[in-house]
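Worksheet for the structure shown next.
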Amino acid sequence: MFVKIWQALVSGLSVGSIYALIAQGYYVTYITTGALNFGQGEFLMIGALFGVTCYITLGLPYAIAVVAAVVLLSAMGAGLERIAIRTTLRHALSLSWVLSTVAVSIIVRNAAVQIWGPEQVKFPSPFGDKVLRIGEAGIFPQELFIIFGSIGTVLLVQFFLKRAVLGKALTAVAYNRRAAAVMGIDVQRMVVLAFVLSSALAGLGGVLIAPITFAWAYMGTVPGIKAFAAAIIGGLENPIGILIGGLAVGVLEQFFGIINSNLKEGITFLFVLLILAVRPTGLMGRKEIEKV
Amino acid sequence: MRLPVFANTGPRDWARFAAAAIVILALPLVLHDPFFVLVMQSLAYLFIVSLGLDILVGWTGQISLGHAGLYAIGAYTSALLATRAGWPFWVSAPLGVAVAGVAGALLAIPSLRAKGPYLAMVTLAFGFMMEVTTNRWQSLTNGPMGVSAIPAPTLPGGEEMTPTQYFWLIAGVALLCQLLANNLLGSRVGRTLLALRGSEIAAQSVGVNVYRWKVLAFVISSVYAGLGGVFFAHQNGFINSDTFVFALSVSFLTSVLMGGSGTLYGPLVGSVILNLIPTVFARLHDYHLYIYGGIILVTIIFLPDGIVGSVLKLPVVRRWRRPPPRIEPEPGGLALSQAQNNREPVIEARNVTRDFGGIRALDRVNIAVQPGVVHGLIGPNGSGKSTFVNVLTGLYPPSGGEILLGGRVLGRVRPHQMAKLGVTRTFQSIRLFGGLSVLDHVMVGFHLHLRAGVWQHLLQTAAAVHEEEQFRRKAMTLLQFVGIADRAHEIASNLPYGQQRLLEIARALAVRPRLLLLDEPAAGVNPTEIQRLVKIIRDIRDAGVTQVVIEHHMELIMGISDVVSVLDFGEKIAQGTTAEVQRDPKVIEAYLGTGLETAHA
Amino acid sequence: MLEVRGLRVDYGHVQALRGIDLEAREREITAIIGSNGAGKTSTLMAVSGLAPIAGGEVRLNGEAITRTPAHRVTALGISQILEGRQLFADQSVEDNLLLGAYSRLRGNRARVAELMEREMDRFPILRKRRRQLAGTLSGGEQQMLAIARGLMSEPKLILMDEPSMGLAPLVVLEIARTIRALRDEGVTIVLVEQMATVALELADRAYVLENGRVTLSGPAREVAQNPEVKRAYLGA
């Protein structure tokens, strides 16, 4: 039993760190615009499939495939902002962006089916598939790479936001748009930057995760939504909360997977509903006091 | 002559519904194609779901990304009862609807306080949970293999309905659903939901229990979704987990937005168009998702009001609509207040403290408001005046100290309960109810005094209709009192600033308060309107309503107040008559200002 | 220096400004007073590109800058110090100052460091608190930081919105002293103030706004003597 739990923890962390990576993307756009990309999972899928094209079809090195996917997704992020966000943010129905990003995700998924076909593609890990042993539990080198890569990237994003001037400007826009504009910061450009960053993270998530799952056009939706749930559980405006939320969701699923594989699929959603009933802004979210 | 129910449905409406009924009867007879009848059945039940969804989206401003889950509950409940237990459609169907309604009530709980993406997550998580349940709980749902041999409904004789008869049933129920939705949304219920959507805080200030009304909207919406699901199950004869997916929820939402959320007939138009599109584009199989995604995008970006909403906004259509009837104010004047029967202070703050994070906005404030007075409250910006009002009206619980109402210590009281206790307010930054008319704002203000409930409005009983008419006249009297009766039928947000403030006062007076708190009523109001405001405040006092007035406008506050309290840095630094306060050196220093000569040094 | 002609601002159906003429002369303090909602803040925001201009014209040194987006206005040498301070509360004092210089930051780190030193000399308390988060400062310190941040872009013209809000009288005096010193350094200042006494004493010229219109203007001393103004705003 102990071995099972240990194993679940290890696998949970690797899946969870991907959730955390995607969710970090939600965080960046949410704090700057109040909106997020509901097609983040589809962007992850594009990252994975484009990785396949680069790494397998074209035979490029894995590192190049990673960079290529990130670049492609950055461009897609800028496009998404232009098409689905800028056009809808001023609408009376405050959640129009939900549907507009969903619409983009539908189109993206259909395009993926046409380009790469509907089949699952195997993406062999560049680190081989020799199982490493951590105590009694086994872990693939790719999983280890995912954990370190994702958490490292999340920390890097935080470092960017806290230390780089551009990051500070982005943080300023997030905190107070009006004051930022008065400082001479081009708010619109920062919003584009936020979506570029967010999409790049999804693309990175895709090339990281593809070797331990399969790459195919329908791989993204569920991780995208679960990462959203993780962000909500942690609290959308709290990056640390999101990181913990992502890892927690990953581990939680694996634990419930021990009990019953059907429970594993639904537990995250049940969990997020229970949490929202008690804490409407997530476990570590800011408690809003409406100013009257 | 007035019917005991549907008392508000006029001859034109009856004619319209009769015409619809005739079309429904005639359609399958004229176009006698089995496929066509099937499509028509689907259109009818998908329409029912959209109509219910619009009650959430258009009227309460809640988004639902999980309506497929509620639809699934209706479908599975009825299907399983019919196939496993062998219960007839007429028993299993209502049960399916009821279970969906209960699920909606449960779903409302996490939705109540969540906002924005958090709110989107609630319905999304629910939808996915149902998706997983239908897929994985195989002992119950049989997963992707599904439930088959679901019987069609039977006629009284025991034989199964033909597809045409079943279409008549679904479409007839859909027609009834529209009729009931019109009743609900055109009445007090729709008005209250719109008020909540416009401003929860303002709605609470006139006594609306936000939680209860949101739950109601969720339940109604879920009942409609469940009904659609039931009809689907018994149409198809087979249901499996592939149907009840996120994409279906998206399609429901799209049809509402495409038709026009918040319009009575938007869901009808939207669901008919959206669900006919796949039939039209069936041959372009590889591209239909592009088309579908494109349609959603175009709708969202270019038609934010939807088809019906956009048409209604056309000047031609607006001119063509009938002008609203003239409403005569109720003779016999004004009943502004509830009876005052003691000499205790109306409200008293004892040592009230309020902290925000580390900042102390109120520091052991003691203020007693005597009955029948105008109690001025002044102090520099940021001195805690608004916080004080927010604490008195139950919006923020005090961090320390206690509040006494008519001599009784209050526990934790929520804003809508404060309204019930006779304490209401206006707002410094005006809080109106979105697109509601001026008259409707006052009608929402009467919330606590209206007796006819949801059921009576659902059926539009003669009593409910009569009550509405009576209160509309009372509302006109109040509007006349504040001097904006001539604008009763305008959208309130189109009024100039000063009149919006007067409307807030009228809305608050509709509560018939014992204590009325006015938070900067003169801000942004022009000098002529200020004269009117002064008179209104005096008239309200003469009618026996106690008032607390926060103002910066010195002339106004000194002209109307019987007592003035002065706050500075969250502390009360002075209290007395206007003359006393104006002489007080502390007040002069803190607020009215001393010379700056020291600054030259 | 700054000239405003027939300026109108609408928010939806609400008219905040109904045609305002206003002028701020070089090296002068121009005060705008009036009650809440009279349009004082809207005037500043229209100049700085934060409010939607429905009509009229804004000129800076004779050049039209009407409807220039906010982030470009800063680069023209106009700095707005917003009502309620509007600091980046979750960033440090230093970062706030740094962001204040954002519009001229590129390739000019040394100058920015100099400016930062200059502001910390002006407000020594900020040097002490340089690594603290802006949100943890006291009200007075926050207002000083807001002013310092606004000065980091080396503006020729400063638009100040209610610098006295929520401050103790002594702190108000200190801020007033700073404003006067800034003018003496050669900065042009437009000051919006609720505390009419303070504003009229500080200012060279003054405008009284009521309901989106200018109802009175002239040298500050004269405005302060006007009986209407005395009654309505000076509490006399």
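Note that the chains take the letters A, B and C in the order they are written out, and that residue 1 is the start of every chain.
Methods note: contacts are C-beta pairs under 8 Å (C-beta built on N, C-alpha and C of every residue); 3 or more make two chains touch, one makes a residue touch a chain.
Source: prediction; values computed, not measured.
Taken as a contact graph, with one node per protein chain and an edge wherever two chains touch, the assembly is complete, since every chain touches every other chain. The greater number of contacting C-beta pairs, out of the two interfaces B-C and A-B, is seen for A-B.
Separating the centre of chain B from that of chain C, both taken as means of CA atoms, is a distance of 40 Å.
Separating the centre of chain A from that of chain B, both taken as means of CA atoms, is a distance of 35 Å.
By the touch rule above, chain B contacts chain C in their complex via residues 380-383, 493-497, 520, 522-527, 552-555, 569, 582, 589-590, 592-596, 598-599. For chain A in complex with chain C, the touching residues are 165, 168-169, 171-172, 175-176, 178-187.
Taken in their complex, chain A has these residues touching chain B: 26, 30, 34, 36, 83-84, 87-88, 91-96, 98-100, 102-107, 109-111, 114, 221, 225, 228-229, 232, 236, 262, 265-266, 268-270, 272-274, 276-277, 280-282, 288-290, 292. The touching residues of chain C, counted against chain A in their complex, run 48-50, 69-72, 74-75, 79-80, 82, 86-91, 95, 98-100, 102-105, 149-150, 153. Only residues 12-15, 35-38, 139, 162, 164-166, 168-169, 173, 176-177, 180, 194-198, 201-202, 210-211, 231-235 of chain C touch chain B when the two sit together in their complex.
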